[in-house]
Amino acid sequence: MPEEDDGIWFRESFSDYIIFENKMEKVYFTGHSKFQKIDIVKLKNWGKTLYLDSKIQSSQIDERVYHESLVHPSLLLHPNPENVLIIGGGEGATLREVLKYKQVKSATMVDIDGELVDMCKRYMPEWSSGAFEDKRTELIIDDAKKFIENSDKRFDIIISDLTEPLDDGPSKYLFTVEYYQKLYDLLKPEGVIVLQSGPAFTGLLGFMGSVNQTLKQVFDEVIPYQSFVLSFSMMWGFNLGFKGLSHKEESLKIGERIKERDIELEFLSSDYIKGMMLLPKAILKELNKGKISTDKNPFVWDF
Amino acid sequence: MPEEDDGIWFRESFSDYIIFENKMEKVYFTGHSKFQKIDIVKLKNWGKTLYLDSKIQSSQIDERVYHESLVHPSLLLHPNPENVLIIGGGEGATLREVLKYKQVKSATMVDIDGELVDMCKRYMPEWSSGAFEDKRTELIIDDAKKFIENSDKRFDIIISDLTEPLDDGPSKYLFTVEYYQKLYDLLKPEGVIVLQSGPAFTGLLGFMGSVNQTLKQVFDEVIPYQSFVLSFSMMWGFNLGFKGLSHKEESLKIGERIKERDIELEFLSSDYIKGMMLLPKAILKELNKGKISTDKNPFVWDF
Amino acid sequence: MPEEDDGIWFRESFSDYIIFENKMEKVYFTGHSKFQKIDIVKLKNWGKTLYLDSKIQSSQIDERVYHESLVHPSLLLHPNPENVLIIGGGEGATLREVLKYKQVKSATMVDIDGELVDMCKRYMPEWSSGAFEDKRTELIIDDAKKFIENSDKRFDIIISDLTEPLDDGPSKYLFTVEYYQKLYDLLKPEGVIVLQSGPAFTGLLGFMGSVNQTLKQVFDEVIPYQSFVLSFSMMWGFNLGFKGLSHKEESLKIGERIKERDIELEFLSSDYIKGMMLLPKAILKELNKGKISTDKNPFVWDF
Amino acid sequence: MPEEDDGIWFRESFSDYIIFENKMEKVYFTGHSKFQKIDIVKLKNWGKTLYLDSKIQSSQIDERVYHESLVHPSLLLHPNPENVLIIGGGEGATLREVLKYKQVKSATMVDIDGELVDMCKRYMPEWSSGAFEDKRTELIIDDAKKFIENSDKRFDIIISDLTEPLDDGPSKYLFTVEYYQKLYDLLKPEGVIVLQSGPAFTGLLGFMGSVNQTLKQVFDEVIPYQSFVLSFSMMWGFNLGFKGLSHKEESLKIGERIKERDIELEFLSSDYIKGMMLLPKAILKELNKGKISTDKNPFVWDF
């Protein structure tokens, strides 16, 4: 009776009543940084995988789907993305995708958790694949809020790759009107911001809706979009915010820009980028009810 | 130490190495029909849910997403859908969506498992919500293959809502070139077929790709599409096949037809239907490698 | 890939870090009485099983082991057990074992949960197997404490078959010095009490030790013993308290009394009863540190 | 919603329908030797734990219970145990217990899996606590069968600490009449053998019963006994075989010998050793039906 199922598993709760379990093959690292619990393991079905506080962050099987979906719409909608700011994104794969653009002259990445970045470099080099060593990269280990308040550099693109604002978490004030206003000010006249915004499905849109409605208080145009990420077992949501630029006009140029800029994409295409922005009726309706997050009354995610 | 997690759960394997568990609130029915194991339960998070052979079929939380995605693209792409054939679809929700169209004069549903249909009527009346009593409905409990070989009725729309072709399952020969040819012949000159086609994600496209490539052997035009179904934890795939009609031309009329026909949709919109048909690059590439299924050498799904 | 493991399971936590899962075959009843959550199910490996508040109470596979171990030592150590009081024991199997003795003239059972008793009669008749209909049985649905304060009947044997004293549970004050004193007074001059006392293993002896030390404040002699119950995955503990009688003298007569009284036992024998009372050194040591429970400062079990 | 339950777990099936899960804190080693899968981990509740082929072998929380129960009855029943042979026992804890006796002049340990022994030395030094370095120890990495056929040394005590005879496992022929005859011949005129014999509960006695009945074909007297091991979630069985000696006579001397030999025991006492040998009626009955294992028709354990 040797059971295939016996052995080491990673368990992740999606709610009080839903549990997801993945058989493991190997443990690379399990421990705590100053900010969070870090598990870097190899799953039988999905390969190398990073968990923070026991929540999946990215997995070898489809980290490209997530990171392409996060990064490229913003850069392809911008006429000339030269200076990019990445907030969070400790694995280095967001950075990797950004650096695919020859136009990019500087990529500034700010992550609060230096130990996490070190562990990712050491155990998950496939994610950054050299990006941290690129001369255009500037890595800053610091609180994003502090950086943003003190920086006098201006950016074409800002990519927010942060975990959800939990009540006791560090990112609670990184999704408010006041904070978005600071990001708006950090952008050059024609700037684009994109934020990972959590699950994109009816009943689970608290976070995505709050980002959407809060962004609208500050940015000239806001476009939500979604992409399915298998290892999240979920349709995933993002929000784009535009300063100056017109989404409609820029979006006509995506196909052309992919070619011109010679960007190699595994998952995204001009067509699929269009598709990502066409959301179901029920979701659009629910997004409109998103809570506006302010420093005084910040949105907190307790799905 | 009373644990919230303690009590009755439904466990479903997605592979040898991935397990998904849902806390249960109630059991309505658990038993076997002549063809399959049937469990009708109430899940804490998702409400009433049907499992066949311990695989989730549809759940109160989002059965509308699945059934709207399965039914409406085909009917909205057709100028005048009067006669509809449904193969499978025991819950009665596919039928319910079809009957929303006043144009529909007859809806013929063929399901092999009469006991399943009875259990669904009894314990899940929300799914069919009266559809079985509609005068336009003709319910036939029979093997689809036998029905199709003997029917002399012609249809505008055929909807295939069957479980995957497993090696020892009954639907192995309901996805072959020869079978599709018979369906093609059953369609009127301007007819549309749609088939639920399983998971739509790289690495899991065996079934969707086989349906896609096999359909192409028979139909004049084939369009794959996808929609995310939360309770499947998966992006779900479908394939449309056209006889006579041009997808491109008809698709321009979807928005208008939704209004004219006065179809109430919760999830789908003209825009989202367009979005469903814009697939990621990697998926399109993999679909092209789908195996052509024939009676002699039928495709069998062993994900 | 139909997985044997898929389907309905019952999950029980033994601690925050240990989970035990049993595949189910059938659900007889799942619901709440006024006092507790009741699940009566059929487990694939163990047959019909009762859970209260998601904790296993007794299972067809070995309820005889538990109930024989609970009931017979006390009755066999008594020269003439005529009047027996059972506190708790809703399933009716404790009663069934007591009624095996022709000497027994009356068996008074007091259980607070009438709905539980009804469900057990209806769905688990194998447990009581007619005991509730025996003319010697008196069933009282009431709070044990109230009964004991008001009863003027006297008993030869008292059997306490209660769940552990949890902080918010109803049995917190049914294990104190003051309560035991009342039980002592209810016993005839030569009386024996026995209490189910929870797990019997080092590190888990809080409950068993507290019963042991608290009994010693009141009874003339106290004897702990243990018996392994498979469906509890645990060595289980009991405590005997003697009024007047000498355990040593009476225990010499057990073998003879089994024969004389013509008691049919499946699991217990004169030898095994002796063995149950020979505890490991480390357990005896830990029992001695048990906390004395008083009305003012009752012992509460939070393993 | 950070769930305490999330993270890394070890899953062990006890049958097709029973699963036991333990939360993990750390992984020391996970890999394969030439003979088996080895996992050395730290469990939240039980501390450091060894799994072979995903079956628990011993755990910090109660390895002393298992090893004291395995080792001391045999040595305490022998008037002068000078030469001891241990078959299996890779962790080194069986050896550690044997070396507590100053009478022991040599302890020969034969284990087939040298890599396992190395891993245990490295990651679980608490088990052997120096025993491998004791001058009286002779460690032989070899097949037990080969060793036994070629050894001309004679022993007072033989301790068999082997995993169950599985159909495809290496120990299938280490539990037969023929093999036991060889062990009998290796014993000095007054010798004792003890074998770990698997679960000791009705319905699960296949292995324990087969060892019992097979031993009886060869040894002059056979005594089964049991001890509860928490980390096995099970009452565990052992069998003693005597050559020349009388169990009854020797057992009277156990208490005295513990003192004389100044053996420090945590769990066992003279009384508890007696108790271990008093088995329930139903178990004794079932042991008598054990299958006699022969080289031609070996018993195979497929619980």
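Here the chain labels run A, B, C and D in written order, and each chain numbers its own residues starting at 1.
Heads up, the rule we're going with is that a contact is a pair of C-beta atoms (placed from the backbone, for glycine too) under 8 Å apart; a residue touches a chain by one contact, two chains touch by 3 or more.
Quantities reported herein were computed from a predicted structural model and do not represent experimental measurements.
The chains that touch chain B as well as chain C do not exist here; no chain meets both. At the interface between chain C and chain D, two copies of one sequence, more than half of the residue numbers in use are shared by both copies.
Separating the centre of chain C from that of chain D, both taken as means of CA atoms, is a distance of 33 Å. Averaging C-alpha coordinates per chain places the centre of chain B 57 Å away from that of chain D. Centre-to-centre separation between chain A and chain D, using Cα means, comes to 54 Å.
Residue positions of chain A touching 2 or more other chains, listed in rising order: 5, 9, 15-16, 19, 21. A ring topology is adopted by the chain contact network, closed into one cycle in which each chain touches exactly two others.
The complete set of chain-chain contacts reads A-B, A-D, B-C, C-D.
Contacts from chain A toward chain D in the complex involve residues 1-3, 5-13, 15-16, 19, 21, 24, 26-27, 30, 37, 39, 41, 51, 53-55, 166, 302-303. On the side of chain D, the complex with chain C involves touching residues 4-5, 9, 15-23, 43-45, 61-62, 65, 201-204, 226, 228, 230, 233-235, 265-269, 271-272, 274-282, 284.
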